[in-house]
Amino acid sequence: MEVSYDKESRKIVQAIERFARKHSLWVLAYGTGCGAIEVPPTMTSRYDAERFGIRGAATPRQADVLLITGYLSVKTLKRVIRTYEQMQDPKYVIGFGSCTINGGMYWDSYNTIKLLDMYIPVDVYINGCMPRPEAVISGFIELQKVIAEGKAEGARKYKENLDWYRANQQKIIHNWNMPDYNW
Amino acid sequence: MDSSTWLKILGYIITPITAFVVGVTYGGIVRVITARVQNRFGPPITQNFWDIIKLYSKKTAVHHGLMQHWGPVFAITASVTSLFFIPVLKDSPLWLNNSFNGDIIFLLYMMVFGSLGMALGAGQTGNPNSAIGVARGLALMVGYEVPFVLALVAIMIQFKTTSIAELMAVQDGFSNWLIFQSPFAFIAAILAFLGMMHYAPFDVTFAPAEIASGPASEFGGKYLALMQTSGSIFTFAKLVLFTDIFLGGAGDLVTLIVKTFLLYMIPVLTGIVNPRYRTEQAITFFWKWPTVFGIIAILIVVL
Amino acid sequence: MEVKLQVENEILDKIKHTFHSAEVSIPRKQRVEVKLRNDLIHPFLAYLKDTLGFKHLSHISTVDWLEENEIELVYIVMNYDNLVEVIAKIRLDREKPEIPTLREFWPQIETYEREIHEMYGVNFLGHGNLTDFILEDWEGIPPMRRDFDTVKYAKETYFNRPGREDAQDVRTTITKKSGEEIPELAKVYSVRHLE
Amino acid sequence: MEFSPVLYIAIPLFAAFLIPLLGKVSKTLVKLTPGIVFLYLSYGSILLFPKAMEKPIVQVVAGFKPPFGISLYYGATAAFLITMVTIVGFVIWLYSYKFIIREPIEKYYMLFMMLITGSTGILLTGDMFNMFVFLEITSIAAYSLTAFLRDKDGAEAAFKYLLIGSFSSTFYLLSVMIIYSYTGTLNFADIAGKIDLIPPMAKGFVLVLVLVGMGIEAEMFPLNGWAPDAYSQAPSPVGAVFGGIVVKAGLYAMIRIVFLFFKTPEVMQFLIFMGILTLLIAEMAAMRQHQIKRMLAFSSIGQMGLVIIALGIGTMGSTSAALFQMFNHALIKSLLFFAAGYLVFHSGSKQIEDLEGLGYDKPVTSFFFAVGALAIIGLPPFSGFWSKLLILVSVAKAGDIAILLLILTGSVIEAIYYLRAVVKLYTRKEVPDNVRRTPISGLVAMGILAAIILYVGLYPGVIEKWLAPAANNLLNAADYIKAGLF
Amino acid sequence: MISVPVILSVMFLGGVLAWLANRFVPKGASWTAAIIAAFAGYLVFALPSCGGEYTLALGSITLVWKSTNYSALFAMLVAVLGFLGILYSMDFMAGKKNLGYYYMNFLFALGAMLGIVYSQDLVSLFFFWEVMTWSSFMLVIYSGEEKSHKAGIKYFAYSAIGAYLILSAIVILYAQSNSFLLSENVKMFSGMSLGTQIMVISFLALGFGVKSAMMPLHVWAPEAYKESPSGFTAVFSGALSKMGIFGLGLVVFKFAANTEFFVYVRETLAWLGGLTAMLATFYAVIQSDAKKLLAYSSIGQLGYIIVGLALGTPLGIMAALFLTIMHGAFKAMLFMSAGAVYMRTGTTSLDDVSGLITKMPLTFLTALFGIISVAGIPPLGGFISKWMLYQALLETNHYFLIIVIFIASTAAFLYLYRFIFSLFLGQREKEFEHVKEVPWSMLVPMMLLTLFVLVAGVFPGLVLDPIGKAMGYLGNFKASWEPQVVFSAWGEKINMQVIAGTIGTIFILGALFIGFKNRKATRVVSTKDIHTAGEIPTENENLTYAVNFNQPFERAIAPILKWSVDKLFNLLGENLESTFEYLRYVYTGNGQTYAMYVILMVVILILFSGSIFGIHL
């Protein structure tokens, strides 16, 4: 039984939904790299990210935002992909620090990836090595804007281009023993 | 159908909605207060509404089987049913619902219904954290039920009734409130209430940093939303129950809200400033002083 | 500056007395360096631990002597009583580096050995748990060996963000700026592929 | 044809002399003879039993009237017990038919017949000295049967039996002498009338001698040391003979004398006390036995203790219950010995441990053992239930709750060790293929016993209606005197 | 004309028939037994509730059998559960050895239970009691393994003690009243001396208490329940242990009610029952075997029943009898589902089995309804009995007993959840990947009982009707209930239809909502797909948290668990046996010793004949 709205009410519902999504960002901080240390100050009294409705989520099932806080080694990437796929749509990814953008200081490492958005769709990058909490919050506000515009469609992108992403992922993860998620 | 039937049906619709709104708003206020205590600004009071709407608006939902699918339904059934069997406002046909068909003992068991349903749902996910949370939660329940039941027994014996409505009728006038008539029962009950609300120091069931929010760890989207809805309603239901029993109930909504809010602040403020007990510590806590208070309450009634 | 190395000398004497083939020296205060035959590392560490009281295993370090076709294992053990460190060095064949495990002396050595196995390809016999440690499913030359070309590997394996042209070789840039010479060694194994 | 009680003694005796002669002719004839004897005796029982129940038949042997002549007293009690002996004897014969394969079988049957002679003699005689004679006959036959297998253990057991048994005879003979010296008569009925002629001191001495002497035969604690060895070392049917016949006869003799001459409250109390001791100690000892036949022997002692308690209560109800229990015990214990005999034979070991798994390998024999065990514990619907119930009722009526509880304690222990053995039988274990089978005659013997046990269990009235006259006969000394002296 | 002997002979001859059938027809035993049980069940229901009287004279003893309202209640329970148990056994036991033996003893046990409830005289009561004991003992040792034999011996030993206590009470009564008739004894009981009264009541209560596993006489129960085949365990716990309750009902209301110390009897029993409920629950919490857990749960539930009976108020008795029926149903369900799991997986260990819900959904449903009912959660049958029990406790001012009971019933959630979680929820072991649902003949009894539990919960009047009549037999009790509403003594009422309607409506609404919201985007995933911080569980890894599940609670109650009755009894048993061992050495096997005994005996008797016989030498 599909509930059908007329156009006007659909718009209103969408607006409410977007507003709610924008104001309620539950963050799954995947604590890789040095960025993990920047998250606690962001969340606690000094910078108080809860003002923006940002708060931590314990598990990927509950979370909206996946925060990749730094470089990802091949081993961690595998876990990140799994975690990302366990999250519920709509879901957003924030790449955090230059390591996620272009490899940063690990550009010639034999074991870290250098381009996060080749493996999972990233909505917002926050540059810096490391970005300070102010920058992090600004990144989140940017994400809120993207959500409000309805452009944060990472999950859909991932779903549509799954083969491409899989090919990229499997290029470096040789032993692909992950369960099938029926995308 | 005559007007009273319509009034009753209206009551069935209005009561849960009110409970939801009040419960969620309380949740928001709690978050603000917590933030202020921690020297933060805190989210807007409406934050919990946005959270719940967002969870409802999630596009996908994943479950691990029928029991997880129905787990939140069990929870909401328990909370709404309990609410329906608690007289919300004194002498108001709109707010009394089914309260004459059940009583305190029924409510004690009805409250478990949801926990057990949720526990079954959490169990089916296969997540060890959920099961650990459930084991802790059930054990904790055995702990806090003891002083709670002692307090209730003291009151039930004193007034020779198990009906909440009759207990409310007993407490007309400020000085007749049971909090003054049998203070020890109130102390035992309120200490049990701390455990019942799962705020620190008795938040070992959900312990986010430890077992990834325990039973809820595999719930997301609509399931989590329904759980939070039922949680809000349940919080309100428990508060109303305590108000009815100890604070003389309420004749109008404003009084009710004031009384429930004040009552709610006890576990909340305790929770903010306390660390966490381990399960067996919590159980032994409940079986020590609160139980003693409960026994004193009974002895006072008996002697 | 005259330093009294009484304790160190005592230890040196004892070691020399027991292990005649060991080359023992005292590089500095509180340190004794021993070069051993491969097969003696086991009895040697046992002797240190049980007789001389070197209870603590600080670390195992590894050096890849590519030119000499050898891999050097450096065991660092320490005595809490006199705070002397003994550094025991053995050299393994680089083609087939094998040495018995020391798990029965220090159970925590498992971790070091796993890492060395993964990074240098040293096979610790009797270890029992030489599975993947940090790298998963690594194929090819162990990454810490000097004949492994990390830049080339990274370029081939991972995507590079276009537009980062300066992402060449930090060392070249630095030498350009400072005018220093790149050591021959580094040139051969690092710069060669960049050219 | 008129059947005379004297034939109960004469026919087995005749058969006992005939059997060795027949052995020269044919082994089969030897084997068949006891069967014919028992069938004939049963026929006699059918004829005489109802009569004896109404009025005791007193028969004078050798022409003199009592108290001078030797008289046979076939009263209700004797009739009851002799019928029991006949049934058990018949079944034992049937069982022995294939079980006793060791030569010389004619010797076995001869001794068996002599033992029957002695037992019926003890039960029938109305004369104290004759009782001694029959006692000796029984005992000597029993000693020989104990050592029938002619192995070391059997010989040792027989020697112990002989040692203790000679005490029994001696003491009994002494008491006969003392009584005769004061009263000048040997007839029970006559003595009973003249018992006051004996001075108290001698009377006490006689009492002690009789109690100890006959207590040995009746397996009273602590005089029963011979029993476990004799039971377990003798061939299995002989165990049944002891449990079913010899001990019953001994007990009858003791009780007859005590009831006739010394029926004072103190003596009865003493009997109860000894009965309890016998019961409890025997049951406890049985609990710790590892050999099945020793276990059965101790259980037998315990049961006798129970009977002694019931007799010691001395009321009408308790005495009849005791007779019922004697009857049941004779049958059930025979069944158990029969089954145990073949189980031991099949497993090749006397240890209970080694019986494991036989329940599946030899189902019928094991089944009979289980039936026997359940019956002797006193579980319905077997006959043991009723006799135990009646004993308890009579004890309760006598008002002694402590005795009641002690009896029940003994019963609990008994239940545990019997079930242990049964359960051992039915523990699943791979048993090597055993081609030996229980022969049909053995199964028939057990089947008859089991059928009787079950039948009596379902219709206890069959036996119960004979109990009252039998008990009356035993209790009522005045009637005995009247009948015994014409 | 249907009368009691007809029913009994159907059962007992049927047992023999089943045994014979097994010898000649393959599968004959199960069909014969099922048909006989069904037929006997029909007869039990067709028997007029105050009729079928039959007198049988056995020698000096007269046996009287009659159906009363009280016995009809228990007879129905026995007949229904017996039939369902046999139906369940048809496939459960298929292919096992010695089926004739199994069904014979099964039917014997059923017949004996019917015999007990129909007995109007003490001898036949005891007679059938013993038959019941040994036939159930035979079933406990059915598997023929060492463990089952140990359990069997233990069971039998305790039963024997209990039975002999009953027997001694019976003979004491007989000694006073000269009659075995129940009615005669009841009539004359108040005239007996105080000592007799105390003795009879305590012996009877202890004897029946053993069967109903009252603490501290429960020791036999866990192992016996565990070792018996599940088809029978359902009857064992559901009906057979209720014979103890049947007896206790008679003791309390027929005998003790006429004495001056009635109130002490009730208080003692109530506290024993309450402690039984609590401690047994605690022990159930720490079990790691499904059937043992259920066994302890059974002990605890019987504790509730004893409490209800001992309160002696109409509401209390009503609660007790209601719980008797309900416990028969739901414990049978749970044992049957545990048996179903055992049949498919070969184990009942809670640590080893998990995640069977998708493989055995109907079994799971049975277990679910079972645990909800045991827990006393509305609207199923368990709740109304608990409610009545609490009301009865409140009205009789048992302030502290109510707490004990409440702790027990709350702690029950722990083990109940553990039971269902460990067996059915969580991740499935790889070896159970090909497990199938059990056959229909096993599902039918489970489903029927499930339905019954539901119906009895919503329409308690259906069950309260025969209970009300039974209470009339026990004494002049008037039950206070209407078809929908149950009243307490204080005038509280509870309307189960409103409750069930509310719960049902909200649940259906909720289920519809959650079902249709995002229906297309809702996915079921494998239980392996869980949040594990990204780590991937391998196929052989099972993350289900099942071992030591209730450890937090166990730690909290560690002081209580430290000393257990089992250990005490074991110690006692060992010491007794070693004492026996010493006594055994009275028989040294040495002829000289024996001769010495004889001489000593003579000497002692002669020396002390004065004091012993009153004759001075």
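Just so it is clear, A, B, C, D and E label the chains in written order, and each chain counts residues from 1 on its own.
One rule holds in what follows: contacts are C-beta pairs under 8 Å (C-beta built on N, C-alpha and C of every residue); 3 or more make two chains touch, one makes a residue touch a chain.
Just so we're clear, the structure is a prediction, and the values are computed from it rather than from any experiment.
Hopping across touching chains, the smallest step count from chain C to chain E is 2.
Any chain bridging chain B and chain E, meaning touching each of them, is among A; the list is complete.
Per-pair counts of C-beta contacts peak for the chains B-E. Farthest chain from chain C, judged by C-alpha centroids: D. Ranked by how close its C-alpha mean sits to the mean of all protein C-alpha atoms, the top chain is E. Chain geometry summary: the mean Cα position of chain B and that of chain D are 78 Å apart. As a whole-number value, the distance joining the C-alpha centres of chain A and chain B reads 35 Å.
The mean-CA centres of chain B and chain C are about 61 angstrom from one another, to the nearest whole unit.
Mean C-alpha positions place chain D and chain E at a centre distance of 43 Å. The multi-chain contact residues of chain C, meaning those touching 2 or more other chains, do not exist; every residue touches at most one other chain.
Residues of chain B found to touch two or more other chains are 58-62, 212, 217-218, 221. In chain D, no residue touches two or more other chains. All chain pairs in contact, by the document's touch criterion: A-B, A-C, A-E, B-E, D-E.
Those residues of chain E that touch chain D in the shared complex are 57-61, 123, 126-128, 130-131, 133-134, 137, 141, 143-146, 149, 152-153, 156-157, 160-161, 164-165, 167-168, 171-172, 174-175, 199, 577, 579-581, 583-584, 586-589, 591, 593-595, 597-598, 600-602, 605-606, 609, 612-617. Contact residues on chain A toward chain B in their complex (touch as defined above): 16-17, 19-21, 23-24, 26, 44-45, 48, 50-53, 55-56, 58-64, 86-90, 155. In the complex of the two chains, the chain A residues touching chain E come out as 1-2, 30, 59-61, 76, 78-80, 82-83, 86, 89, 177-179, 181-182.
Across the interface of their complex, chain C is touched by residues 73-75, 78, 101-103, 107-115, 118, 168, 171-175 of chain A. In the complex of the two chains, the chain C residues touching chain A come out as 134-137, 139, 143, 148, 150-151, 153-154, 157-161, 164, 167.
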